[in-house]
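Think of it as A, B, C, D and E in the order they're written, each chain with its own count starting at 1.
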């Protein structure tokens, strides 16, 4: 159904943000420090950067933090007493200034965390989080959202999508129920808006490859070891691509403490050599080429197959963060265009 | 066809080497590592200001070693890395050739002795700018330094890109992956990040050749080079020992001198 | 799940006076993994130890912590008790709550809390202890003695008489060393040949001793009980089995004007020679440097006259390999030669000689058949000046130590001179007479009073030749420091005793440390004088420091006793507290990455390289390996290894990590 | 390498001929020797008996002036001055706080960079001196080193303290035949020259007596005080010894000067008490009168077999 | 912070300082109960990460002590340790961690009095510096 359209000025936007803050909501937004822009907890609009192409890290930390306490425990006189997390106490969060591709990524995360047994902590955080995205007015050679079903102005996944109209005003498209709820709370700040010139303010992102050809291309290449070895010769096996990726959700569980302690969940990455090491010493994916293949297969073949959602939103963060310039767009295009 | 490409073509054609590891066109206008295995592809090699990565890291990757004898396009830091790796029994002399790209003609270094002579002619010390920045930082107050590093380490993701990019971090099972006992916490919380960064710096003390790849690889831009340069200068001023200048030198921390300074010991 | 027994000792009331032992026992019982926690008045007593044994058997304990005195006191006691009860002794630890707690703090909660902390620390450690078996290293019961002087001879005989095989390696053509060059020996003046030659023959005929004369050690590898020695038998140019020692060749050899080393340069010898008549083995050797055949290819006279055709001109050096379990270094000393004293004209005037040369003059088998004659013109000297401390006790000459034996042999020389030249006038310039041995002072007193030797207390400043006489300028500090000049016919310098010329190279071959003067370093100057810091290598005689014959013999028997003790068991048993390098199943094999930076951290060269090969023999990895015989368990490599691949049993990573966390956690604070 | 020259009091006074011969020699071999600017007394042996600071300050001021003038090292021909400067530099380099204090006293920043050179070292540096010799000085000479040139050995570190050879080598280079004698470093009486001339007469007498008995035709010295006692005090020596010693005493610079063909006037040979004129006549073949050649140590045929004592293995010699 | 009682852990070598501490005991000298000892075969065995673990576990101060140079039972363990301490102290100070909280020393088996004095003075010194909140505060940070 058609989303309602409004428009909102910069001062009104600043007011809206301070309303969120005074309502006790945490605001996660892009903030510039030096030559890098990254998500950080902000207090007001001035701290927020809107003139960048993309942040270093994705906003997934709002729902899937780097380190998260699952529960704490205490052992005394031979008994162990477990104290669950009080999900009610989780803070309300607004993720502001994320890009349409990031918003779409949360859909992928939701699919993973609710695949077979729903993750209560993730779902509780998601319920308390509102996504106020800002459409892209500029892109670079790493972006390929249009090739994976997204777009610089796509509304999918956002609760509200703002588009900078260039004249100090923002078009606000109210997409979801949460968006409407937020709108009611601050009706005065918004003015009716037509949104006719939205297309003009968006960035141009050419389609880089044919998505349908990727899955069969992967299947064809699957056991062509030389191909994968050639592609991944540069890769050094660090975790940077997985950690900045909005759709990567692999995690590790660690218990810390002695008599009293906590069970912690923290990020992990299939790129690490020891990610699949068995206690026996056997490692099903000993070679970096196999791990690189796994990354592409999981995002472009396994997730669509099992969770019905693509594991990549084309944000280009992994290529920008990679120390050795493993450009995922380049590799996917090679797979898609390869002769049958 | 530049002199570098010509020499690469010649080496591959004569099968003197099985692969030439150099820099090629990358995305975002910067160069990236490229592995040329056929003489005809030698044209892909470039060498300009964006060729910064220390390619010696690939000498330690099993998949690259399997390709056979390699010719490596080197910068001064790469040569120092090769000597340090040799001093740590990690590479054999006949497993590589060093290609020093310079404007006039390409210098080919085939033995550790040749590399040592070449490095000896260069200045392996920290640059005056690096020394000045180090000096400015150490002049800060104790608390100021603590707050600076707490903020920096709070942003560390523990993605280990610094470890992966460092050619001297070649340990197959790093202390970080040792869980009995769990020396370094796995989660990227502030205490874990501090212990990880102290351990990384200490394990590079007397070994790091200051190539700067760890700082370039860090996605969140933590100035790791400061830690390593601090220890490079401490090891030099304290023990007059410098890494990466000889293929046979002992590590500064596994040797000692009877008169090492001990004013801090009661 | 661990089942640990904690035993808190009152130690009479040394502990219970300031530590609430009941509370400690109660708190210890609460620690997860503690199955038994009791306190007792005297844990080290028999009933106390019985408590431990019973608890082990009844409760099936998997670890024991005895909270009492210092482990340096009773760790062996309680570990033995555990062993008797069937628990591996290395699963028992001691918590020092006496010296480190009850004795040093006032009574009060803080002291009791600290005792509980210490107990919790050791309980955490014991949980990570592993059962260890003592290291057994086989011992080759063959000893190698290097150096055939009196010390080497005595050590060889003692070890051989203890029933073990001995290999005696002597650099010179014959054993006997410096003692065989002496005329008579102090303080009894019995002739050195008479007391030494029987021992030399005994060595030659002893069934357990294999003598390699005219041979040197080429290399030594391995470790205590398992040395592999390679000995270079220098070519004698002679087949020892055929030669009967008749001596015809030495008489007929035309080139005879070669200064004899045995006669300290005063006598001459032929190119094919036997050093001295009583040489053992009594077989000649050809000095290839001076033999006409080796220089010009002509002559070969010895070959013609030899009744048994024993001469072998083409004979080459031969390397003999031998497995030995222990080495005794008895390479002896040398005296200072050369232009060391230009102001005394030593090396310039023919009549300024050193002590060894005077011995040869006085010796019946010497160049002058025992008569004291001047090397320059052969006349009997009327006046002889003996100069003591010629080089010793003289920092300016770089030798600050006292050579210990010169005072005695100088008195002996003066006495021998007077016995042979009754009207002769001997003077001795000395600083202090050091005659500390048995009957030594009496001997020197006799030289002064009965033989009329003129002792002048003062240094000699210069000796120069004037009018056929040697003018000795000195001073007599006891007569108002009056400078005096003595016109002497002969001057004998008691030059400093120094290390053998090849001492340093030999020490480096054996990894034995030595001091600034190249004398070998004993393990402990007072308590371990005959051992070195290298396990299995012992010292005897003057190679460790200048000393006289009685001391050398005593030290030789000491070293022999150490070797016999080492060979008394078939296996060497050592504490298993040593380092071990990680080993895993293929394809990883080991977490060690073969950087070998640990090798330079190890003071005992105990870390070796091990090549790991696949089934097809292809080299997969070169990793570190610790030699259990050499590793002493200091752990320097363990704290240095970047990949934590090397760990030390008894103080492993897990144990010390657990101790640190346990000591500080007190349970209620989350980590 | 800039070498300065510190004359000291004696070179301007009683040992003028030493200075004249040195400067003449320097000109001849093309070495300029700029004097240390505004030099002062070195304190000689008196200073360090009275006041340690004074004994260090005087030489420190000289050396500081030399360093300021850019001199890398200072030639000090007189053995007493050489000893004082050398000891001062040694002590101030070993104790930095002392160096700073003494620098304060003399108000000059003494760094210790300038070395201290004696005349034998300076002459030793002349490349292939033999080639410059025009008239070989074919005389039997007795090289007399005295004491301060070689002692205290730990500080001076020049040649062998008990049996020095450096001057003998130099003499061989100019064609002379240095005798082997035992009084090279025996005391000549030094500072007692004025207060106890009788002692000087005895000690210097012994030195001259031994030199004459070994056939020396001249004594070569490198220290003004030695020259003073052996030459100027000759009447006292001869009165005490009861015989004449026709043995001239010349400076090493004069001997080298003569060998290089310089005229006597340039070398100040006319200033000696005992005239060295005998040395100017062409070298006569027969040894000078009044001295029988001692048996010395020429290896006469010895009834006893064996080579020179001490060295076990060396050249063979006849056996009886 | 006069009433604050610091927690100090002492890493000592078995042959010298541990024996020295035993001698302090047999001589009945008194020192602050705030210091507890962990035994190592040699100072060469002490890993810098154990010091980090001690601070992370709540220690306010650390003493590291072993044999005097040339006394080491293993001849060179203390020399190796000293060189690591020099580099490690430099790094800690660079990171803004107060190295005055780590006291290095040589205490021989005969220096019982020196051990008591060292412990008392270090305890007093750390009491003056107060609890090591700067480090212990890190323990909870960074966990959502």
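By our rule, a contact is a pair of C-beta atoms (placed from the backbone, for glycine too) under 8 Å apart; a residue touches a chain by one contact, two chains touch by 3 or more.
Keep in mind that this is a model prediction, so the values were computed, not measured.
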Common touching chains of chain E and chain C: A, B
Of all other chains, the one whose Cα centre sits farthest from chain C: A
Of all other chains, the one whose Cα centre sits farthest from chain B: D
Chain pair, A-E or C-D, that carries the greater number of C-beta contacts: C-D
Chain A-chain D separation of Cα centroids, rounded to whole Å: 93
Centre-of-Cα separation between chain C and chain B, whole angstrom: 47
Mean-CA-position distance for chain D and chain B (Å): 62
Separation of mean Cα positions, chain E and chain B [Å, integer]: 34
Interface hub residues of chain E, defined as touching at least two other chains: 48, 53, 56, 76, 80, 84, 139, 142-143
Residues of chain B whose C-beta touches two or more other chains: 172-173, 175, 183, 187-189, 253-255
Multi-chain contact residues (two or more partners), chain A: 66-67, 256, 262, 264
Contact pairs between chains, per stated definition: A-B, A-C, A-E, B-C, B-E, C-D, C-E
List of chain E residues in touch with chain A within their complex: 142-144
Complex contact set, residues of chain D against chain C: 153-154, 160-163, 180-182, 186, 210, 213, 294-297, 299-300, 302-314, 316-317, 319-320
For the chain E and chain C complex, residues of the former touching the latter: 5, 7, 9, 14, 18-19, 21-22, 24-26, 28-31, 33-34, 36-42, 44-48, 50, 53-54, 56-59, 72-77, 80-81, 84, 116, 139
For the chain B and chain E complex, residues of the former touching the latter: 137-138, 142-150, 154, 175, 183-184, 187-195, 198-199, 201-202, 205-206, 226-227, 230-231, 234-235, 238-239, 252-256, 258, 260-262, 264-266
In the complex with chain A, residue positions of chain C that touch it: 30, 32, 584-588, 661-662, 665, 667-671
